[in-house]
Amino acid sequence: MIPLQTSNTLPDWAALAPAIILAVTALALFLIDSIDPNDESPSMLAGVATLGSVLAMVVTGWYLVAGTGMPRTGGAIELFSGQLVVDGMSLFFTFIFTSVTALVCVASYDYLSGRPNQAEYYALVLLAATGMSVMASANSLATAFVALELSSLPSYGLVAYLKNDRGSVEAGLKYFLIGAVSSAVLAYGISLVYASAGVLELAAIAEALGAGIDNTGVLGVGILMVAGGFAFKTASVPFHFWAPEAYEGAPAPVSGFLSSASKAAGFVLAFRVFVTAFPLDVVAGTIDWALAFTVLALVTMTLGNFAAATQDKVKRMLAYSSIGHAGYALIGIAVLTGTADQSYALGASMLHLFVYGFMNTGAFLFVALVEYWGVGRTFEDYNGLAKQAPVACFAMTIFLFSLAGLPIGGGALSKWALLSATASAATLSAYLLAAALIVNSALSLFYYSRVVKAMWIEDPAGDFEVSSYPTGLYAAVVGAAIVTFLLLPAFGVVSGTAFDAAAALF
Amino acid sequence: MVPAEYYLLLSAAMFCIGLFGILTRRNALLFLMSVELMLNAASINLVAFSLQWGNLTGQVFTLFLMALAAAEVAIGIGIILVLYRNFADIDVTKPTTMRW
Amino acid sequence: MLVELLIVFALMAAGLVFLVPDEYAGQFAAVLSLVPVGVSLWMYSVFDGTGNALLEGGQPAFETLANWITLGPYAISWHVGLDGVSMPLVVLTTLLTTLAIVSAWTPIEERESQFYGLVLFMQAALIGVFAALDFLLWFVFWEAVLVPMYFLIGVWGGPRRKYAAIKFFVYTNIASLVLFVGFFTLVFGLGDSISTLGLPAIAQALEAGQLGSVAGFGPGTVKLAAFAALFFGFAVKVPVVPFHTWLPDAHVEAPTPVSVLLAGVLLKMGTYALLRFNFTMLADVARANATLIAIFAVVSVIYGALLALAQQDLKRIVAYSSISSMGYVILGLIAFTPHGVGGATFQMVSHGLISGLMFMAVGVIYNETHTRMIGDMSGMADRMPVTAGVFVAAAFGYMGLPLMSGFAAEVLVFMGAFQSTVIPAAPLFTAIAMFGIVIVAGYLLRAMQKTLFGPFRLETDYDIGRAPLQDVAPLFVLLALVIALGVAPDLFYRMIQDAVFEVTALGLGGGA
Amino acid sequence: MTLSDTIAGLLGLNADDPLHFFVAAILASAIVGTFMLVNVAIAGPWAKRKITAAFTDRIAVNRIGPFGLMVIVADAVRLLSKELIVPEKVDRPAWDLAPLLIAGSALLGFAVIPMGNGIQVADPEVGLAYVFAVASLASVGLVMAGYASNNKYSMLGGLRAVAQNLAYEIPLVLTGVSVVLFAGTLQLGNVDAANTIVGAQQATLATIGGIAIPSWYAFVNPFAFVLFLVANLAEVGRNPFDTPEAPTEIVAGYQTEYSSVYFVLMYLGEFIHIFLGGAIVATIFLGGPAGPVLPGIVWFLIKIWAVFLFTQWARSALPRVRIDQLIEIGWKGMLVLSFANLILTAIIVGVVV
Amino acid sequence: MGNPWIAIGALALVGLLIPVGMMVISKLLRPSVPEQGKRSTYESGEVPTGDTRIRFNIQYYMVALLFVIFDIETVLIFPWTVIYRSALENGVGLTRVLAPMLVFVGILVVGLGWAWRNGAVKWVRSPRAEKRKDAR
């Protein structure tokens, strides 16, 4: 039973309500489309999709407030014989997914106007969101894999959604190819872990491995391969090649969706799997994955930021910077070396992903807005945009500076939390991470401010007229900006939940 | 009973063949087939060790793997189809609208 | 609650002004900005803080302490309060903002509502910087100042505004980063001995000698490294030679009202932070490296003045002279005598007023002539007698004419520095610094003589007339304040003395 | 006790030794294979012509041997000694492999079919899944043949064959597994093995007038039986679902370019398939090789020949559907009905048990 | 009892040997008179034109995709049907055994309905419907 603040109690399976609502909404969209496939009322579709995701978000928020699955109300809720688990962490991430989904659905209303197959678009977004929220709850490698695929497969379709646009198709192809390979690698990794442990439930794996590891080589390769599979989802090195292509070619709302929600989903899985199934003290003799993640984090953030600094297209710059942010978030598992305040480090990563969910989605939605206006894609094309659309540009400025870590949005505090997490680990590799975080943040400020400069300071090169101000896109962009800004003063509201949720994992 | 190492070797060989195919083939369909080979390598492991450990977890997961592989192919073929429509080719190295 | 009222009101005013149509934005912003002026003056009148807010025994006025967030082992609070150092600076901020807004009515002709909104936003952040007593809160405000400044220079600036804005942004952000890292080295060195990022707690923990080692480095090294990082971070902001190169560009390219704020308030952020962090928390390190710091100070004074001597652009002259003046502040601070530190703090306020006055005067002339080059014009006094008169008065204030605030400040600084036991060969350093005054007189007199006096000469295709009242009025207000402070320095000096006395004791070895 | 085991026992071989058992199984397979080939030989060149002739009021082959039976031998010799013409630009390995695959895969299905009197090569636990799996292998052969022939008729035929097989495969399997809901196992088993599909059908369903009606699934769930028969008809490509060959539209579909022994193999494969379909129907719906008085093998023959006759009747009596009708019947009719059947069966089983 | 899969392998071998044997026999019997004319593919007696590897109706592809989805679903239905009865007999409630499969099939049916309405299984589309689809 889920104890709630109200007097009534709900059955256990209701803990999965957010995922169920998302899935049902997706099916409802299919049904609506089936009633009249040629119907041209996108508002119905966008409305249902938004309603579903907002409902899921509200329910998640309610659970978070009520303490569903958290230690204070009796601990994690295990469902289907421990295949799925609902606890603070899963709800926390589900909240990220649902809110990003809601933003994307609202924004897509305008972005998609006049395009075919809208119902499919919304349905795929919601199915992917379902997959993500199941990923957050996955408590076994089997459900983890299935959920990961459930979120990946619709994403491939979404990226290639503009099927007459060569860029979109190319992006979809590359995303799919690398996704397929990495899922094969992940599957093989899981099979090797199964070979060593004989079980797939996370806690049971740790138990089995704790009892003695026969074949350390097989297990080590398996763990590395599992890590590789997660690296794909989080767009970290070495499976990051798809990210710039996919984010650039995809419709911009989809880019925002993938680069924030999908990435966060990869992270929640990585957190849970590595903390629960492969505790460092158990697999210490086999493989030091904390070291592996340290290297990955260093390479990822440096590569992402340096590549972003050399781009001349805004969307691609955001794509690379999103790789850089994956590197930051990886710090959370890279510093779990025992001396660190582990739940704090993990919580810091969660917080960063939370803030990132809003600011990055917002930034991509702004790009969507620009695409909607038909302005070009390079930095120069953004010149003087602020004269025509000051409100949207103001929002974009908040996103970008928050991404860079200036205290104008929640991004500064989450980066600070990451920084102090590295310091609390107090090892050489952690200090290295801290240094890399600082240097990369400084570098990122450089390229983010190029956009700001273009929008506000430069004079427009050609003359274009912003003719319309699409309500949906504006609402989403401004909404994301408000949340990003509010996360600065109201950071405490979120951080307590995050740290509690992280602590429950250890 | 066949020793577990044999299965491991077989699956590793299959996985490597798939990997080799991915690295060398430029045809998107062959690429897909190579991926399927890798997934099947995983399935072999799972089934073999399901027998070894005496539980059904591995076999059940294999069923899921099959389903997912099929879904992946369905999506993949769709993408390859639009690829062909846009580029008149299914060579994965051809589309270079964006810088790699 | 008054500090919050100031900040929140300024923020809301900024938001309102953003939404007002361009035609009324200036007037609207000016009216709104009068409220903070009134509030801050009232706060000044009821000020009851004692001692230094950071140190034991200090009791800041208008203090609020509320928990904001808890990150790991540290509680981060909304902790604000004003003591004798920050109160004058807050008053300075509110006053200068209003005057800057009024003086912007003439030169700013596009995107007005955004301009005034940003100015008000910056005001909120500035008040926050001076009032914050929690490190992270302080840092949030500190960074929040930079963002509107970047736009103010970049959007409304002169021909090379983009370059200047970027340069400003990059310099100050790198500085922020370094000081951030420096400070956190300290925090981690303190380890479990602090449970909050409140500045008083940290200062007192440092004083109690609870600094541990970080990454294998001993407390001494950590302290020195942190000091160096913080010093660098603030030195860029002040600026201290050789970290000053962003300043002339920013000043020259910024529109006049922005220059006023930049020189008048933003530079004081640097010296204020130096006083708070380097010379209060880490006073012992400062004392140990007094020679080096004094050299920085003196070099800033002389080098800045010499550069000013070589400039043709009026704004550039004032900009370099600001560097020079800030050198006095550093010198006064490192002296660690009551007069030295107090004088330095008083110089912050005084320079804020005088440099604001100078920039405004230059701006008024520029509004009419559209040039700032000394060689382009002469005999401006013929056409703009009132402006010229104010300009001359301001220049004398800068040179340290008695009965002007600059005189009081500089005398105090020199007295303090001369008596200093901390600086070795204090008289020598003081003497060299005093020589700076001579150079100041040199370049200011040269500039005035060439532009204001002599026969009128300026090629324009329109008549140069008197400046409008709205341009001149702020000049008079500022001049009046400069004279008032010169006649009665105790208006501020007493509370400053009260606040910095403890610091002096620390510098002389009272602390750890 | 499968035929392989019996033979191993007769020869004194150790069934647990893989090599010994393999030898025995080869013999068993040869017996079963020959048996089925004989059936096909009778059905293909002779019975089919006779039946069609009867429907169209003609006299068919009657010159050689009694009832013209020797035409089987004559036709075999004639076809085998024809020249093999390889058309231009055929995709060679695929073109050669297709007949092998079609003929071989059909035979493979008989491995698990209990034919009565202990004639059954093997009886794995997943027999039903296995038989569905190998039965659908032929689709691959068809598309290979159609694609490799470099002929537009063949290409169309191959595509149609695949589209049709795909469309009806799912109703077929779904209906097939609805039987499993009753039996609770996938093992086809035998008449005397209780917990198998065939064994479970031997129980008495009801007694009408002193005659015990066995619980053949055709009686238990006639709806499924009808669905299965129809789907099976489509699977083996007989009228009204013979669009892949459709002589009046696309000559002979995928087999247009085949001659000589390749043609024989294609033809053979088709007929083995028809019999395999019959065998599956007999096994899972008609109680397998069970019946009163006569021995099991005879009943088995009766049942598969009955299904064969049914297909031949359909061939002569029913018009061919168009390809679009075929697809719509498959996806919109059969699939929905088979889902309904599955759910209904599950509910019925749930209520009864 | 021997391993049934060995027996099946044996049958596979036999199933391969029989057609191969027939091929060999035929090879020995049949004549070979190569001639260019008779190697051309059959197009009702006309000279063949064009290539065979042309683009064909997209519907074949749609059907194949549908099949992939529904065929895989049978893979997941198989295990359920096997345990269904014994689960019921061992006292597991009907809802617990049946409801998950109803949900599963329900999702599939929604998918089928959607595909149906969107013309995935419709072989011929009327030009008017096509035009309407293009127009939006």
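Order as written gives the chain letters A, B, C, D and E; numbering starts at 1 within each chain.
The rule is short, and it goes like this: contacts are C-beta pairs under 8 Å (C-beta built on N, C-alpha and C of every residue); 3 or more make two chains touch, one makes a residue touch a chain.
Remember, it's a predicted structure, so these values are computed and weren't measured experimentally.
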Both-way neighbours, i.e. chains that touch chain D and touch chain B: E
Per-chain CA centroid nearest to the all-protein CA mean: A
Averaged-CA centre spacing for the pair chain B and chain A, given as whole angstrom: 26
Distance from chain C to chain B - Cα centre to Cα centre, in angstrom: 65
Centroid spacing, where centroids are CA-atom means, of chain C and chain D in whole angstrom: 94
Averaged-CA centre spacing for the pair chain E and chain B, given as whole angstrom: 20
Chain E: positions in contact with at least two other chains: 71, 116
Residues within chain B bordering two or more other chains: 60, 71, 78
Complete list of chain pairs which touch one another: A-B, A-C, A-E, B-E, D-E
Contact footprint of chain C on chain A as seen in their complex: 341, 344, 348, 387, 390, 397, 401, 406-408, 412-413, 416-417, 419-421, 423-424, 426, 428, 431, 438, 441-442, 445-446, 449, 452-453, 456-458, 488-489, 491-492, 495-496
Footprint of chain E on chain B - complex, ascending: 60, 63, 66-67, 70-71, 73-74, 77-78, 81
Residues of chain E touching chain A in the complex: 107, 110-111, 113-114, 116-119, 129, 132-133, 136
Of all residues in chain E, those that touch chain D in their complex: 1-16, 18-20, 22-23, 25-27, 29-33, 38-44, 52, 56, 59-60, 63-64, 66-67, 70-71, 74, 77-78, 81-86, 88-89, 94, 97-98, 101-102, 105, 108-109, 112, 116, 121-124
Footprint of chain E on chain A - complex, ascending: 27, 30-31, 33-35, 37-38, 40, 114, 116
